[in-house]
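We just call them A, B, C and D in the order they show up, numbering each chain from 1.
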Amino acid sequence: MELIFVNILDGLVTGLLLFMLCSGLTLIFSMMGVLNFAHASFYMLGAYFGYEISTFVGFWPGLIFAPILVGIAGALVERYGLRRVHQYGHVPELIFTFGLALLIEEIIQFFWGKNIMAYDEPDILNFVAFSIAGNAFPAYKVFMIFVAMGIFLVLLYILTRTRVGLIIQAALSYPNTVQNLGHNVPLVFMGVFGVGTALAGVAGVIAGPVLGTFPGMAVVLGSIVFVTIVIGGLGSLWGALIASLLIGWLQTFAASYNIVIGDVLVSIGFTRPENLDDSALRDLWTLTVSQIGPILPFLLMVLVLAIRPQGLFGKRES
Amino acid sequence: MKKVTGMILGSVMAGVLGFTATAAIAADNIKIAFIDPLSGPFATTGTNGLAEWKFAVENLVNVKGGVLGGTKLEVIGFDNKISPKESLIQLQVAIDQGIRFIAQGNSSGVANALTGAIKKHNKRNPDKQVIFLNYAAVDPALTNDKCNFWHFRFDANADIKMDAMIDVIAKDKAIDKVYIIGQDYSFGKAVAAAAVRNIEAKMPHAKIVGNELHPIGKVKDFTPYARKIIASGANAVITGNWGSDMLGLGKAVIKAGYTGPIYTYYAASSGITKAFGAAGKGVIRVVSEGTLNPPISDRVTTYVNAFKAKYPNNNVSQLRIANTVEMLAKAIDKAGSTEAIKVAYALEGMEIDSIWGGKVKMRKVDHQAIQNVYILAHTDENMTHALDNSPYGLLTENTVVDAGMDSPTSCKMKRP
Amino acid sequence: MNTTTKATASQRSATPLISLPQLAPWLIAILFLLLLPVIFNSGSALTIMNQMAITIVFALAYNMLLGQAGMLSFGHAVYMGLGGFFCVHLMNMVEFDGLWLPLPLLPLFGGFFGLIFAIIIGSFSTRRAGTVFAMISLGVGELIAASSIIIVAFFGGEEGISADRTMGPETFGFDFASQLEVYYLTAIWLVISAAAMYLFSRTPIGRIANAVRDNEERAEFLGYSQRYVRMISFCASGFFAGIAGGLFAINFEILTEENLNLGTSGVILLVTFLGGVGFFIGPIVGAVVFTLLQTVLSQYTEIWQLYLGALFVATVMFFPAGLTGLLAMHIQPFKLGKSSLLLRPYMRMLVPILVCFLSIAALLETAFHARHAPIGENEMNLFGIVFDSHGVLPWVVIVVLVLGSGFLVKRLAPELKEAWDDANYLEPRS
Amino acid sequence: MSAPAIELRGLKKSFGLAEIIRGLDLKIEKGERHAIIGPNGAGKSTLFNLITGRFHVTEGTISMHGERIENLKPYQINRRGLSRSFQITNIFPKMTVFENIRCGLLWTMGYKYSFWTLVSRQHHLTERTEEILEKIKMTERRDDIAGVLTYAEQRALEIGITIAGGADIIMLDEPTAGMSHSETDHIVDLIRDVTEGKTLVMVEHDMGVIFDLADKISVLVYGEFIASDTPEKVRANAKVQEAYLGAASEED
């Protein structure tokens, strides 16, 4: 019973981390119609910048400056890359961000090499916040939860209470009309891309010490981020939040319980083959849910798209 | 029109290709092709291995005047991008350059592809036969069901290492709950199977409280696994994880409040030692075929210091590379030739004194090297040769002499 | 009704299948393929050429989706990989179960299995184009790649499944033990598949696929179901990808998870786009250039993937029509007989541009060497020049070269642009 | 044989709460040239989209030659012999003029999804395409990419694609929108020529064009027909003059 509570908390941390990435990605998609394949690469940039800054002045300045640097990098990419490709249409845009993801990974290896970076949480947070039945819950994770919640509240405030937010909201619902309102659309685009990538940068800085800072970190997370916003519904911030939490818990609980598929099959009426080695499906019988945990989101996405192409909370189709 | 321009472009590029394919044959060094990842996500281990190879060849063989009375050895790196397909292409390129010794180690998948391809190649091209020096791929199958005459393994395989590991764990009677976790692929499964077999045989008092596999390279956060380990009450964890899966698992388990030992195969160097740092002290154990701390002789210290002076950002971490190079040199001298088949026969049953202590013997029946296996602890105490330019390194805790000497094999070697 | 019967009647009217000018490029290509191994006869050259041929077939198949039907797939390796896996199993059945199957026919079975899986997956993924299709392809790709590690019985885990191609019945006295025989087999299949894919693009469905790509709604109002058109394109593409998988199985005699994963799918997108999606020969050019870059460049520099990534991003940004598009841009001036106008500015630009690229590469290489090379090995060899990567002088020289050539390129660019505009219009503009 | 070409009964369409089409009844006989007019926002394009299957019907029925067609897919309706053009030019911009027209022909000439015939070898297909190009007077632009044509040319091409398949019901959505007088005259001639013997349904703003071409006119205001009769009678209708023509003259 206690374990379930711990799992809920762990899943919350994973889900909120995902949301930090998804919120930026979905903002960018809503405004610009670009599904940014390189979003997780900006997350990785955030972690590396954070690490580099932390080696000089410690963790906390990194938390402030690394996302700003990532945001600037993102804005520059929009200004000098994406804006150019925009005229060719959405498919080339998608391909551009795909290429960008490859390029960023190479650039990071160029400067930092291929090793895992020794990026650690600040000492001030390196203690156990509380324990549940012998399971320690590190203070850093509590910190992660608060940062993610904070970001969500700030985003919510900006979107619903400020002028910029209103423009963005309008763009979410009526992408074509905003153009006609006389707003400096290119500037708004650049700003949104910068802020979106900066959010990914924040996620990178705070996730880097926990999940490891290495050149493959973007790939591990990259496609899951897409999957999340596709499931949540492209362009829906609430959808992104709910899908993030859903996937966070899905993965946590899948990894936490060793349910064997064979047992499930038996319980719904199949009979186990006498000699498993001869059976072509032998691997299916011995499979556990935790083995397939990380691919469950993909399965979920394919199902959702096949049944409801606009995603759970999406209003528009792509 | 377009077609023709395409053709012209093609022929120009093909010209470049032809040039490179034939240009490299020069000098009369004996060349060893090092086919391992030199780019991409696994390049760290690959480039480190290449540095170790180059250094070993220079310092163990060439400074003494080389082989066959004066011929030098030379290691040439080929980037296989850890892809089986690329490995086969690079193998072909290496053979074309007249190279007859192929060294590879990263990924048993690649080793499997290579050993199969080399077997077929040697059968189809008797005039261009090559030897496969497997210095790190530890999938037991390579010296069992899939063994062949051209393949020699210089590392202790996963079964032998597990055998030694459980021998050591069994001495500690306080350990009665063991948790086994690994990556979901052949090596992870081999480790799990060997662990179960050995625990059942040697630790009747102990219980396996968990045995599971997780997808390889796809787990972002190991916390849920760590929770299960804590909940199971385990007081020893065994894992074959490597790379970021190793670091992620180790960190998550420690953060979740686990304080017992984690027995591993690959929780050292490539940044992992540095990243574990203080957190891993007293927890991380590594099973290895050699040890640096305490160094058994001045020779070790000189060797490692010279290496660090030359490659300050790398580690002497794959100790069997030195053994491989020394054995190969001895075999070439013994055969009096670089012909693959003669060298292969010379290697069978060969025995040398390892620079790291003890003896290394190439078992004839399955081409598996038999050597001492050590259980090392991650610590910063008594460190002569730390890793990753950090204060931390690996210190010998236990030694199993000639581990797996009598281990069974299902290999039915066919000799040409 | 009336028009239908007339149409079928006219199909039977006797015309030569194809005229000589149309045939010429194909004949040249075939001749070229025949002669290649005479010039490059080393085992590695043959292996690389085979690899190139396989990539060409796969890239052409991929372009049936991306270029012809406007569908962006992030998981097309699945169909090639599955075709290949089935072929390896067939080879093993030939060896161990006595199945009678001559090796040259194997790719056909690969295609057949690629087709079956394309039908299954296409039945739900082709309902929509654009992002939804791209995301489903990504999801399915990840799922199948992940299950390839889990379902060991069929996929062999990460070690994959291997086989021996020489165990089948001999075909015309060939047992396909030598690389050369395999080369010719691959080349024959390359020509057959390329011709079939070319002809496919000239059939009614091929044309209507273009129409659906351009304007799916309009196509619906002309009597065509866009979903059905996409489905057929997808299946055809899956079939030819499966053939490429069969060829891969014959050449490498092993299939692994690598053949199914996102990386391979990404590479084929890169290859196709680099070559140019708008042209039939685009993927061919892309496959040739990419394979050479990958095999040759990686022998010379550790950071080849950085160059490749930069090249790809630059292509998307500046030449969305790919390398072939770059060449095709010159057809218009050529037709107008004004290509000579371009010659002079090109010659003037050539040296600065070359110097610019090479010096940027030198900058990257030197920086990389200075940062990552072992201590004591300060000397590096670049373009045959040996120098000290930690010294000040080389850095000054390189930076001056980069800035100087960059400045020259910028200076000369307007002149080139003007000449280009002139060369593309019939009348000299006032 | 007596069934009208198109018949609407109690047709309704709502978007959310807004009812755009509020119960339409209409019969268009075979061979009739029928114009639908009405002020902006009256629902003319929506009506077109309902008939051609682009939108789903909320209530009511649509029949074509006596058979129900409401809620069928656009391609199914097209295969029964109804073809339409669009208010906003809707062609295949990356293909040549010739290929645009040929795409319009492929289905009805029986090629369907065939992948065993080569289009270039189908002389009959090529001839038909050439004939249509001749008809819309675009033979000279045969090999040009459609995206680079002038606006008027694209409109003509749009009509060419629409009539290519030989459908017996042609629906044109504002074929002369945005054209100069001479261009309009040319298009009107073209429409008269190519719809000879066919049923024509068109939405149009230009009254000159309507009175020139139409046999019957229906006036749509706020989702309802306020009149449906011959041009002369519609012109004389007081309600129409008040609701539509009056408003139109104010606009001028």
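A few comments on the model shown:
Operating definition for what follows: contacts are C-beta pairs under 8 Å (C-beta built on N, C-alpha and C of every residue); 3 or more make two chains touch, one makes a residue touch a chain.
Everything numeric here is computed off the predicted structure, so don't read it as measured data.
In whole angstrom, the spacing between the mean C-alpha positions of subunit B and subunit D is 73. Centres computed as Cα averages put subunit A at a distance of 35 Å from subunit B. Note: centroid distance subunit C to subunit D, computed from Cα atoms, is 43 Å. For the pair subunit A and subunit C, the distance between C-alpha centroids works out to 31 Å.
The residues of subunit D never reach two or more other chains; the list is empty. Residues of subunit C in contact with at least two other chains: 146, 150, 303, 305, 372. For subunit A, residues touching at least two other chains, in rising order: 109, 113, 291-292, 294-295.
Viewed as a contact network, the protein chains fit none of the simple shapes, being neither a path, a ring, a star nor fully connected. Remark: the chains found to touch one another pair up as A-B, A-C, B-C, C-D. Against subunit C, the residues of subunit A that register as touching in their complex are 35, 81, 84-85, 88, 90-92, 94-96, 98-100, 102-103, 105-107, 109-111, 113, 223, 226-227, 230, 234, 279-284, 287, 291-292, 294-295, 298-299, 301-302, 305-306, 309, 317-318.
The touching residues of subunit B, when paired with subunit A in their complex, are 41, 43-44, 47, 184, 210, 212-215, 217-221, 223-225, 227-228, 230-231, 243-244, 247-248, 251, 255-257, 270-272, 274-275, 277, 313, 388, 390.
Of all residues in subunit B, only 1-7, 9-11, 13-14, 16-18, 20-22, 38-40, 47, 51, 78-79, 81, 83-85, 88-89, 92-93, 95-96, 107-109, 112-113, 116-117, 120, 124, 139, 184-186, 189, 215-216, 218, 309-314 touch subunit C in the complex they form.
Residues 3, 6-7, 10, 13-14, 109, 113-120, 128, 131, 133-136, 138, 210-212, 214-217, 219-221, 224, 251-253, 255-256, 258, 288, 290-295 of subunit A touch subunit B in their complex.
Against subunit B, the residues of subunit C that register as touching in their complex are 25-26, 28-29, 32, 36, 39-40, 42-48, 51, 146, 149-150, 157-160, 162, 164, 166, 177-179, 248, 252-254, 256-259, 279, 281, 284-285, 288-289, 292, 295-296, 298-299, 302-305, 324, 327-328, 331, 372, 374-377.
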